[in-house]
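Two complexes come next, and they have one chain in common, subunit A, joined by subunit B in the first and subunit C in the second.
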Partner chain A sequence: MARSPLALVALGLVAAWGVAAFSAPVLAPHLPLAQDIVHRLSPPSRDHWLGTDPLGRDVLSRILYGARLSIPVGAAAVVLAGGLGIALGGAAGFLGGIVDETIMRITDLMLAFPTVILAMVITAALGAGIHNAVLAIMVAWWPSYARLERGLVLAVRQREFVEAARVLGASRLRIALRHVLPATISPIVILGTLDVGHAILTFASLSFLGLGPPPQVPEWGSMIAAGRNYLNQWWIATFPGLAILSLVLAFNVVGDSLRDLLDPRLRRV
Partner chain B sequence: MSLWRYLGRRVLLLAPMLVGITLLTFLLSHAVPADPVTAYLGPQASGDPQVIAAFRHRWGLDRPLPEQYGIYLWNLARGDMGVSISTRQPVMVDLKQHLPATIELATAAMLTSLLVSIPLGMLSAVRRDTMLDQLARIGSLIGVSTPIFWLGIVAIVVFYAYLGWAPSPGRLSMEIPPPPPVTGFVVVDAVLARRLDVAADALRHLALPALVLSSYSVGVVTRMMRGSMLEVLGEEYVRTARAKGLATWAVVVRHAARNSLIPVVTVIGLSFGGLLSGAVVTETVFAWPGLGSYAFHSATALDFPAIMGVGLVVAAIYILVNLVVDIAYAFVDPRIRVG
Partner chain C sequence: MNGDQGGGVPRFNRRSLIGLLGGGLGYPAVTHLLGPETARAAAPSGTLLVGMELLMKSIDPGRTIEASAYMINHAIYDSLVTFDGEDLKTPKPQLATGWKASPDGKTYTFTLRPNVRFSSGNPMTSADVKWSLHRVINLKANTKFLIEGIEEVLAPDPLTVVVRLSESKPSIIPILSSPSLCVVDSKVVMENGGEAGPDAKDKDRAEPYLSAHSAGTGAYTLGSYIPNQELTLVKNPAHWRGAPKFDRIVIRHIPEPATQQLQIARGDLDVATGIGPDQAQVLRTAPGVTVKTSLIANTFYVLMNNNPQIGGPFANPRVQQAVRYALDYAGIMAIAGAGAQRLASIIPNSFPGSLDPRTAVTTDREKARALLREAGVGVVRGRITYPAGATSWGVQVDLLVQKIQTDLNAVGMTIDLNGLASLTALQEYRDGKNQIGVWGWTADWPDPSNFLVYLPGRTVGKRAGWPADAGPEAAALAKLGDQAEREVDTPKRVALYERVARRIAEIGPYAPLFQPAVPYAMRSNVRGATYNSVWEVDLYALGKSG
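Entry: the complex of A and B
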């Protein structure tokens, strides 16, 4: 990664967004919910660097507060999907037989539902909100992790060190948790890093469609939705979009470089 | 395994997959909501115990779950997906009305992305590490990182509101009457009705949403094509072809490109799911009257039967597309059939 300037820039950008999210209350020039009706729909100016929205709220402040939601939500969705995928994929790989067959057929089925459609189904059943949006992403994505984990478990359990542990009399559970599982983690982490950006993007799409948090909450997707009907006030929708693009792009570049670094088979490609 | 036995096996596997999808939508619709009655009937009607009892009986909700699933399948087999709460029409009728617009949009987007990304991925691999390669790599990363709904809004602002190049959102201009529906695809119907002016107008309306929707798959397919091409260019037979003295383009096109397309075909099938997800937001932004708009309106209205119908149809389409891709694959590459 050190050899690639692009990856360094991307890592810096991810870090910058992290700092922005963490210190939004200090950095933001206004409160994200403060309405300044007199200056509603005002273009970028010295007082409102990125302009104001239809309710006179400061776009920059809302973007900074939005990062406080998007980054943890993206990370949580991936960690939950990864966790469930590791547990089920690991079980499939270890136990084999009917358990393996059942879990793998369920992953086939789940993968047939596009994320947004699945999220709509879940939202229609349980109602809109941040928790249900995260739940939807988790339900849609765990199958990819389960498949990867199962393949890795099948490969790793053939290796000598696992055989050695077995000969030494380690229990099946101990072999699974202490020997095989740790050896499967790094590809999962790579997939996870690549997916955080993707999860942030998906969460923004869901909020844009009104399946995320309520509209007053500063969130990038719903800010863009609010700016949809103001074609002449371009700043309302443009800046939150650039925020998403920059953060997701940075995550993708970092994930790509991480994969090249940790997976030498792919490095030549 | 012969080609025909492979095909037979794949088609036979289709049946349990489709049954599995109905089981999944059934479980989601009958087991997930705390009370499906409220979800179906809405808060007003669910206040009346008589209505609830009648509703439960009509949908067999007063019977055990396995039996309910049987009833659900039976209704489905007769084409009965229930009645949409918001449109008050049978869900089946709604789906038939909205599906062609989405297929039209998705096909146009898929074609656009193939036309752009396959040559671009090839060029990028052949001219590795040049300026062009760097631009193509960054471009495809931007493609997969851009929120499609935002890109759509920006495209409307720039090309419609400011430049005036694009027509207003929708499938046809206001003053043009739609051609008599035969296939439901406006472009095809216009050609069938010998109205080339209408077809041209429909294509003009299709261009911008299709371009916007294709942005994600352009990114995915370009990356895949580049990677696959680089791998193939390193193979022995490509070196042999070069050593034989074949012209560079002949090596690239005849030997390398054909073989590197094989893994790309699978990715195209799999990225179709992303395309359908993208269609939901693209259609919402461009007022495109397809399945995505329908799904969006159903989801916001908590129209449960409608959204379950969309889920079922979209999953079935995805499975069918991937079956076609796998079959195409088996024709192209004899090695697949062995596995």
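Entry: the complex of A and C
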């Protein structure tokens, strides 16, 4: 990674967004919910660097506070989807037989649905909100982790060190948790890193469609939705859009570089 | 709904394709696909292109009360009575040349206009009027509230209609201007499944026919209708007022205000009725575009449920009072946009019986906080239910509720926003399940009597958990409302309505906000555009110069 300047820039961007999210209360020039009706729809100026929205709220402050929501939500969705996928995929690969068949057919069924549409159906059914959006992303995404984990487990359980553990009399649970699972974790981490950006984008899409948090909550997707009716006040939708673009792109590049770094075959080349 | 007409995305694609291959809908399909210059060249001066949000379940006059259906039906059909342009105070003759009320106000006799023919060629007679009104009475559809109080309709001779009421009801004249109560060609509609008898509710099968054809005396006839997509009107050359100015009117369903803004600015539309105040602001400086605003007979208000089980702290009269003082009306008016007017009560300022807006409650946060302390209900927490993403008469409801949330938070209340899909939110409102709601009532007919719905025990009153037996004050107010409704003498009537309005403003579980003004835009060569809140733009009056 150190040799790739692009990866460094991306890592820097992710770190910068992390800092921005963490210290938004200090960095933001205004409160994200403070309305100033008199100065609604003002273009970028010294007072409002990125302009104001239809209720006179500061776009920059809302973007900074939006990062506080988007990054944890993206990470949480991926951790939950990954956890569920590892558990189910691991069980399928390790136990085999009817358990494997059942879990993998359910996985196939889930994979047959387009993920965003599935997430939309889930949030529409459960009601809009942050928790339900995270839940929807988790439900829509666990199958790809389950697939990956199952394949890895199948490959690892044939290896000598697993045989050795079995010969030494280790229990099945101990073999699964102490020997098989750790050997499968790095590809999952790579997929997870790539997916955080993707999850942030999906969460923003759900909010854009009105399936995310209520409208007053600073969130990038709903900020873009609010800007849709204001084509001449371009700053309302453009800046949150750029925020999503930079963060998602950065996560993707970091994920890619991480794969290059951790994949032994690529490293040798 | 006619199965063949059921819109949807795949159908749209197929129709467009057929259009490109030279099918019947070729023209609209082509303008969708080609650039602005070609589209402008393709619009001959005999065609008018209108962009609006076609929000309606039906265009069968007996089964629809939606404003967009009214705009179309007002062009296809005529009623006994009408209003001219933007004036909603003076009823004008249309298919009736005159009318007379009996001294007890219970019988109205209408003289019909002679030599009027339907687009089918059939002559229009009193039998058609009687049949049309009886169909609405017996359909018992969503239009039934319009004909409440009509006991029977008689047709003693071909040019005389007698309407008998169960009790005096002077608002019957403005009510009869409703496009729902238009006169349809009874012969044609009967041939196509129409039924006006007592069992019309089950036996009438005319809705599919009336969704694809028209059977009226109006200036235009229905050419085609694809729900959620497009509707075309075709000139009726034999119209009794003289043929209209356009051969065709194409009405496109364009729900997004920003899209309408772009299209009218480029010249892809001649008239756009679905823009909001913020788009209008931009269009005012666009070359070749004229923007007008029209005050709408609608009252926006905040509902606070008076039923303690649903309203919680908001059922407390002091909390309700505190809400009225907590709102920042100047800010709310900025969201409502140019032309909107502050309301002191729930009767629109353009109607007799309304209160002077200068007597409206003004913002006083200290007073609101004091009232909350007096109420002694502890933490005031509530939830505003509203249709998420909806634009109502140009007002973005999302913005309005966020403003109200912030204002109420500022005096120490905790307010959550509960945005629901429009139909779900509407159902919850109609069922009286909103703890707090932000809604409006639009006049179904241009008369203050329509706004008595806010009284305890009536439509909106019930939705706000305010029954007529809520208490001695509510009971007295309900009685006063009944008295206003029956009064025939005009000055007395106006005074009674003013008393009702003042009392509702004082004790009603509402915070009256504003009367909206709808901006609409047209290309500068469009002439004669007027807008009223019952049937929006009068299409017959439109023309184009150059």
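The definition used in the following text is that the second predicted complex is superposed on the first by the 265 of 269 C-alpha atoms of A that agree within 3 Å, B and C clash if a C-alpha of one lies under 4 Å from a C-alpha of the other, contacts with A are read in each partner's own complex, and residues count from 1 in each chain.
Here is the rule we use: a contact is a pair of C-beta atoms (placed from the backbone, for glycine too) under 8 Å apart; a residue touches a chain by one contact, two chains touch by 3 or more.
A quick note: this is a predicted structure, and the numbers were derived from the prediction, not measured.
Looking at the shared chain after the overlay, A:Q35 reaches subunit C, while subunit B stays out of its contact range. In the superposition on chain A, A:A237 makes contact with subunit B only, while subunit C stays out of contact range. Of the two partner chains placed by superposition, A:V79 touches none, neither subunit B nor subunit C.
By the touch criterion stated above, A:A112 is placed in contact with subunit B alone, subunit C being left untouched. Once chain A of one complex is fitted onto chain A of the other, the partner contacts of A:R228 extend to both subunit B and subunit C. In the superposition on chain A, contact of A:L135 is made with neither subunit B nor subunit C. Between subunit B and subunit C, the partner in contact with more residues of subunit A is B. When both complexes are overlaid on chain A, the residue A:G210 reaches subunit B and subunit C alike.
Looking at the shared chain after the overlay, A:P54 reaches subunit C, while subunit B stays out of its contact range.
Where the contact sets of subunit A with subunit B and with subunit C meet, they give residues 210, 225, 228, 231-232. Put simply, subunit B touches subunit A in their complex at residues 16-17, 20-21, 24-25, 28-29, 32-33, 39, 138, 141-142, 144-151, 153-154, 156-157, 161, 227, 230-231, 234, 273-274, 276-277, 280-281, 284-285, 295-296, 298-300, 302-304, 307-308, 310-311, 314-315, 318-319. Here subunit A touches subunit C in the complex through residues 33, 35, 37-38, 40-41, 54-55, 128, 210, 214-216, 225-226, 228-233, going by the rule given at the top. For subunit C in complex with subunit A, the residues that touch the partner chain are 256-258, 261-262, 276, 278-279, 282, 328, 330-331, 334-335, 388-389, 396, 398-399, 401-403, 405-406, 416-419.
Taken together, the subunit A residues at the contact with subunit B in this complex read 6, 105, 108-118, 120-127, 197-198, 201, 204-205, 208-211, 221, 224-225, 227-228, 231-232, 234, 237-238, 240-241, 244-245, 248-249, 251-253, 256, 268-269.
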